[in-house]
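There are structures below to look over.
Both complexes below contain chain A, partnered by chain B and then by chain C.
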Partner chain A sequence: MSLVNPTKSTKRIGLLLAVIVLVAFPLIFNNPTVTTIATYCVMYMAIATAWNSFSGFTGYVSLGHAIFFGTGAYTLSLISTGLNMSGGFPVFALVPVAGIAAGALAIPIGFVALRTKRHTFVVITIAAFFIFQLLAENLGFTKGSEGVTLAPGGFAASDYNNPFYYASAVILILTVFLVWHIKRSRFGLQLFAIRDEESRARSLGVKVDRVKLVSFVLSAIPVGMIGAIWAYFIGQIYPQFAFAASFDVTVALMCFFGGLGTLAGPVFGALVLEALQRYLVLSLTIQNLYLIIYGLLFLAVIVLLPEGVLPSIKKQISKRLLPTGADVSFNSPDSATSGIPQASAANKEPVKEGKAL
Partner chain B sequence: MSAGTLEMAILDGILTGGVYALMAAGLTLIFGVLDMINIAQGIFVILGAYASYSLEHSFGIGLFEGLIITIPAMFLLGAFIEWAFIRRLGEYNRVSMSILVTYAVTIVIEGVLLLHFGSNYRSLTASYVTQSFHVFGNYLPKIYLYGFLLALASVLVLYFILYKTRLGVSVRAAMDNRFAAQLVGVEVKRVSTLTFAIGVAVTAVGGMVFGAVQPFTPNSSYDLISRLLTIVVLGGLGSVGGALVGALVMVVVEDIISVAWTPTWATLIYFAVLVIVLLLKPQGLFGQREVRAQ
Partner chain C sequence: MTAETDAFLEVKNATRSYGGVKALDNCSIKISEGKITGLIGPNGSGKTTLFNAITGYESIEGGDVYFRGQSITGKTPEQIFALGIGRTFQLTKIFARMTVMENMFIATQRKEGWLRSVIRPAGSSEELDRAVEILKFVGLLKLAESPAGSLSYGQRKLLELAYILIADPTLLLLDEPAGGVNLSLIKELGDHIRYLNSLGKTFLIVEHNMDFVLTLCHEVNVMSSGSVFMTGKPEQVRSDPRVLDAYLGIDDFEEEIVVP
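Then we have the complex of A and B:
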C-alpha cells in the first residue's frame, strides 16, 4: 500500500532524497556536458511545474507562456547591459526583477485572454505570443533581430555551469513549494473545480475570473525568472529564441508525459524529456532524427499510457496490490470515455481535510 | 505610395486570402466535428508542398496534375492519423490532449521532412509561377490567380459535400450535436474519420499553392498554423463561411497596412485586430454562441 498512498513520513524521506540529489549532483558530476544538460533539466523542471500550476490545474491550455520566458530574458539582459554590469554574481540579483516584470505583464494579458472560453483562449495566447515576438524584433530598445549580448559571467571555467544550476535549483524548489501549497489549499480546490466544470464552480460561489487570473499570474513569475537565468547562461539572446514558438508545446508535452495536474508529474516529465532530447541531439550523428524519435515516443505514450507515465504506473501498482473490489478507479481514464469528468485523486485530498469551496 | 498600389494590395490580399481560406476551412471542419484543435494542419500544408515538389523533381509531374496523386494521398494520411491517434482521445481534457497528439504528429512529420530534404528553403517552379499578368500598373504572378481559382473550386466542392450529400448532412449533424446525431443513426465515428481525412486532403491543394507563392522549409509550419488558427477563431470555430471571411480579413489587413504604413507592424496590427474582435465577440465573427457545452 505504501506505494499507492505513501504516508507522510515516506513522502518526506523521498522529498529529502530528491533535494539531496538536486544539491549534490554538480558536486559529483563535473563534466561540463553533463552539468549543462542538468542545468537545462532543472530550468525546464521549474518551468513545467509553473505551467502545470495554471494549465494543468485549470484545464486552460496556455501556449503563450513563452511571453513570460522572453520577458524575463529581456528584462535581465537589457538592465544588466544598461547598467554596464560586468558579470559575476550581482547579475543574479536581477532574477527577481525579471520575475516581477513577467508577473506584472501577466496581469493585463491574463485579464484579456481569460475572458474567452477554452478553445479561443488557446488561440488568443498564441496571438499574444506573436505580438510580443514581433515587438521584440521591431522595437528600438530590444535591439531587434541582432539580439542582445550580455557581459560574460566570469566564473571559473572548471565549474562555470554551477552558479546557473544552483540559481535554477533555488527557483525550482521555491516553485515546487508554492505549487504544493496551492494544490492543498482552498485556492487549489477552486482551480480543480474550474477544470472539472467551470459553470458549476461559478454557481457554487467560486470567483472564477479572479481565481483564474491569480493562477495565471503566479504561473508566469517562475517562468520569467528562469528566462532571466537562461539569458545570462547562454549570454546572447535573439527574439526568435527568447520567444520560441515551440516553447509552450514542449512544456505541455513534459507535463502530460509525467502526469498533467499532478505535482511530481511535470518535474519527472521535464527531467526525462529534456535530458533525453539533449542526449539525443548530442549523440545522434544524423541530425533531426531526434525529432522523429521524440515524436514517436510521445505518440506511443499517448496511445499506451493515456494519463501520463506516473499516474499510469501508480494505477498499475494499485491494481496489483488490490486485485478485487477495491476502489482504484477514482482517477481512471474511463472518465474520459463516459464523458463525465470525475474529480481526480488530486483534488480529493483537500476534501478529506474537511475544507469546503 | 504610387497609384494602384493600394488596389494591388487588396487584389493580392483577396487572392492569397483564398488559399488561406481553403486551408482554414479544413481546420474549422475538423474542429466542428471532432471538437479538437489540430496543430498538425500547418505541417500537413508543408507536407503537401513537399509532395508536389517531389513529384515535380523526381517524376516531372506538373503541379496541377500532381494533385491527382497528392489529394488522395493526404486523404489517406488523414484517415490513418484519425484512426490511429485521434480516435483514442476521450472527452476529458480533450482540448489539451488534441493539441499534444497533433503536435507529436507535427514533430514526427517535421523530422522526416528535415531528414529527407534538409532545412534549406525550397520553392515550386513552373512556367505559370514565373510569368505575370499586368494589372494596376504592377505585375501579378499568374500562379496567384490560378491558385485562387483552384482554392475557390475546392471550397465550392467542400460546400457541395457539406450541403448536397448525405455525408454532408451527417457531418453537419455531428457538428451540431454529436450525441443526438448518434441517436438518430449517424455513424459518428465514420463521419469523424472522413471529416478529418477531408480536412487534411485540402492541404494538398493549399500546400501546392503555398509552395508556389513562397519558399518553404520544414520549419515553416509554426508560423502557418498560428495564422490558420487565428483565422479559424476570428471567423468563428466550426464555421466554414467564417474561415473564408477570417482569411480575407487577415491577408487584406496585413497587405493594406504594409502598403499604407509599414510592413514591420502589419502582422502585429492583424493580431491586435484579432484580440479586439475576440474581446467584443468571443465566439468569433460567425461563430454560434456556445457551439458546444465547454
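Then we have the complex of A and C:
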C-alpha cells in the first residue's frame, strides 16, 4: 500500500535522498565526461519541470520555449562581454537577470499566443521561435552567425564542471519547489481546470487569460536562467544552438516520457533521456543517429504508455497490490491531489445535511 | 403577487438566429424570486439557447436580460457567475482528470493576489468543510477522491450541481438535470432542489421529464419555435391543449381529434 500511495514521511525521505544524490554526485564521480553529462541532465531536469508547469498543467503545448532559453543565453553572454567580465563566479550573478529577461519577454509572447485555440497556439509558438532565431542571426548586437564568445570561467581544470553543475542544481531545486507549490495551490487547480474544460472554468469565475499568462511567464523564467548557465558553460554561443529547433521537441518528449502534468515525471524523463542522448552521441559514430532513436522512442511512448512511464508504473503496482476497483484514485496521475487533505475530508464527522447551504 | 411586476430575472424580447433558424424569436420570460420555475418545450424550441443568452454564453441580436432590476445583457459568463447566477449544462461539463474534491474548489471565490494564489494550498479549512457538506448533501462524498471522469452520467450531473453550490449562487439554471439519470436518483434530485429552494434559492429548470417538472415547479413556461407562448401553474399546463399542440405539431394533433 505504501508503495502505491506513499505517505508524507516516505515522500520526504525519498526527496531527501534525491537531494543528497544531487548534491553529492560530483563529489563521488569526478570524471569530467560523467560530470558534463550530469550537468546537462540537471539543466534539462529544471527545464522540463518548468515547461511542464505550463504545457503539462494547461494542455497548451509550447514549442517556443527555446526562445526563453536563447534569450537567457544571450542576456548573460552579451552583458558579461559588454562589461568585460573576466569569468569566475561573479558571472553567475547574471543568471537571475537572464531569468527576468526571459520572463519579461514571455509577457508579450504569451499575451498574443494565448488568445488563440490550443492548436493555433502550437503553431504560433513555432512561428515566434523562428522569428527569434532569425533575429539572433541578423541583429547587430547579437553578432549574428559569428556568435558570442565569453570569457572563460577560469575554474580549476580538475573540477571545472562543478560550478555549472551546482548552479543548475540550485535552479532545479528552486523550480521543483515552485512547481510543487503551484500544483497544490488554487492557481494549480485552475490550470488543471483549464486543461480539462477551459470554457467551463471560465464560467466558474476562473480568470482564464490571466492564469494562463502567469503560468506561461513563470515557466519561462527557469528556462531563461538555465540558458544563461548553459551559455557560460559552453563559452561560445551561436544563434542556431541557443535557439535550437529541436529544443522544445526534446523537452516535450522528456515530459511525455516521464509523465506529463506530474511533478516527478519530467525530472525522471529528463534524467533518463538526456543521459541516454549524451551517451549515444558519445558512443555512436553517426552523429545524428540519436535523433532517429529519439523519434522511435517518442512513438513508442505515445503508443504504449500514453500517460508516461512513472504513472504507468504506479498504475501497474497499484493493480497488483489492490485488486479490482480499489485503484480509482490512481487513474488520474496528474490530478493535483497533493495539496488537498481529501482523506481527512472523507473521515470528517457527519455534518447536518445542508446546514449552511 | 408582487413578483409579477418585480421580476427576479427577466428576459425581454430576446432574439438570436443561427443562419436561417430563429433559435430565439422575441422571447420573453419572467422568473420570480424564491420559486422553482420550469421551462419546457419540444426539441429545438430554444431552451438551451435562452440559457446561453442569460448566462453570457451567446450574445443576443435584440432584447435585454435583467437580473434584480439591473441589465446584464452582454456580460461575460464569469461576470454573470460572479453576480450569483450558476448554471449546469445539458451535456455535463466536469473536470474529468481532476478528483471530485478538486472539482469542488474551482468555483471557490477567494480574494487574493496572484502570488498568494500560486503559493497557498487550494481549499482553506472552511472551504473544505463546505465542500464536504455539499458532497455529502448530493451523495458524492464517498467518491471525493475519485477522478471525476470515472463518475456515472447521473453522478456527473450531481457533481455539476455541487461545484456550483460552493459559490453559493442565488439563482440556479439547470438544463435537463434529470436527463439520463436513473429513477431513484431523479427522485433524490427533486428532493435536493426542493430543499435548496426552501433555503431561499431560485431555480429555472429545463426538463423533458414531464412528471418531474410538473410535480416540482411552482410555475411552468412553455416554449415553442423560439419564444415562450404560455406561462402557468403545472396543472394549467398539463391540461392546456396548446401545450400538446406544441409538442405534437398542429397537424398531428388535429388528426388525433379526427380519428376517434
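Operating definition for what follows: the second predicted complex is superposed on the first by the 325 of 357 C-alpha atoms of A that agree within 3 Å, B and C clash if a C-alpha of one lies under 4 Å from a C-alpha of the other, contacts with A are read in each partner's own complex, and residues count from 1 in each chain.
Keep in mind that, in the parts below, a residue touches a chain if its C-beta (ideal position, glycine included) is under 8 Å from a C-beta of that chain, and two chains touch if they have at least 3 such contacts.
Computed from a predicted structure; not experimentally measured.
Trainee: Could you tell me if A:Arg200 is touching chain B, chain C, both of them or neither one (first, second, both, neither)?
Mentor: second
Trainee: Identify the partner contact of A:Leu299: answer first if only chain B is touched, second if only chain C is, both if each is, neither if none is.
Mentor: first
Trainee: One more residue to check, A:Ser55. First (chain B), second (chain C), both or neither?
Mentor: A:Ser55: touches chain B, not chain C.
Trainee: Tell me which partner A:Leu83 touches in the superposition: chain B (first), chain C (second), both or neither.
Mentor: Neither partner.
Trainee: Name the contact category of A:Phe256: first (chain B only), second (chain C only), both, or neither.
Mentor: first
Trainee: Looking at A:Leu15 after the superposition, I want to know if it touches chain B, chain C, both of them or none. Which is it: first, second, both, neither?
Mentor: In the superposed model, A:Leu15 contacts neither chain B nor chain C.
Trainee: Once the structures are superposed on A, label A:Val214 by its partner contacts, choosing first (chain B), second (chain C), both or neither.
Mentor: Second partner only, chain C.
Trainee: Look at A:Leu291 in the shared chain and tell me whether it touches chain B only, chain C only, both, or neither; answer first, second, both or neither.
Mentor: Touch status of A:Leu291: first partner only.
Trainee: Can you list the residues of chain A that meet both chain B and chain C?
Mentor: Residues 335-337, 339, 341, which sit in both footprints.
Trainee: For the complex, give me every residue of chain C touching chain A.
Mentor: 55-57, 76-78, 80-82, 87, 89, 93-99, 101-102, 105-110, 112, 114, 117-123, 128-134, 136-137, 141-147, 149-150, 163-165, 167-168, 195-196, 199
Trainee: Which positions of chain A touch chain B when the two form their complex?
Mentor: By the definition above, chain A touches chain B via 55, 59, 61, 63, 112, 115-120, 122-124, 126-128, 130-131, 134-135, 138, 198, 245-246, 249, 252-253, 256, 260, 286-296, 298-299, 302-303, 306, 333, 335-339, 341.
Trainee: Could you please specify the touching residues of chain B with respect to chain A in the complex?
Mentor: Those residues of chain B that touch chain A are 31, 37, 39, 84-85, 88-93, 95-97, 99-101, 103-108, 110-112, 114-115, 222-223, 226, 229-230, 232-233, 237, 264-265, 267-268, 271-272, 274-275, 278-279, 282-284, 294.
Trainee: If we count contacts the way the header does, which residues on chain A are in touch with chain C in the complex?
Mentor: Interface residues on the chain A side: 181-182, 184-190, 192-193, 195-197, 199-207, 210, 214, 218, 328-329, 331-332, 334-337, 339-343, 345-346, 348, 350-351, 353-357.
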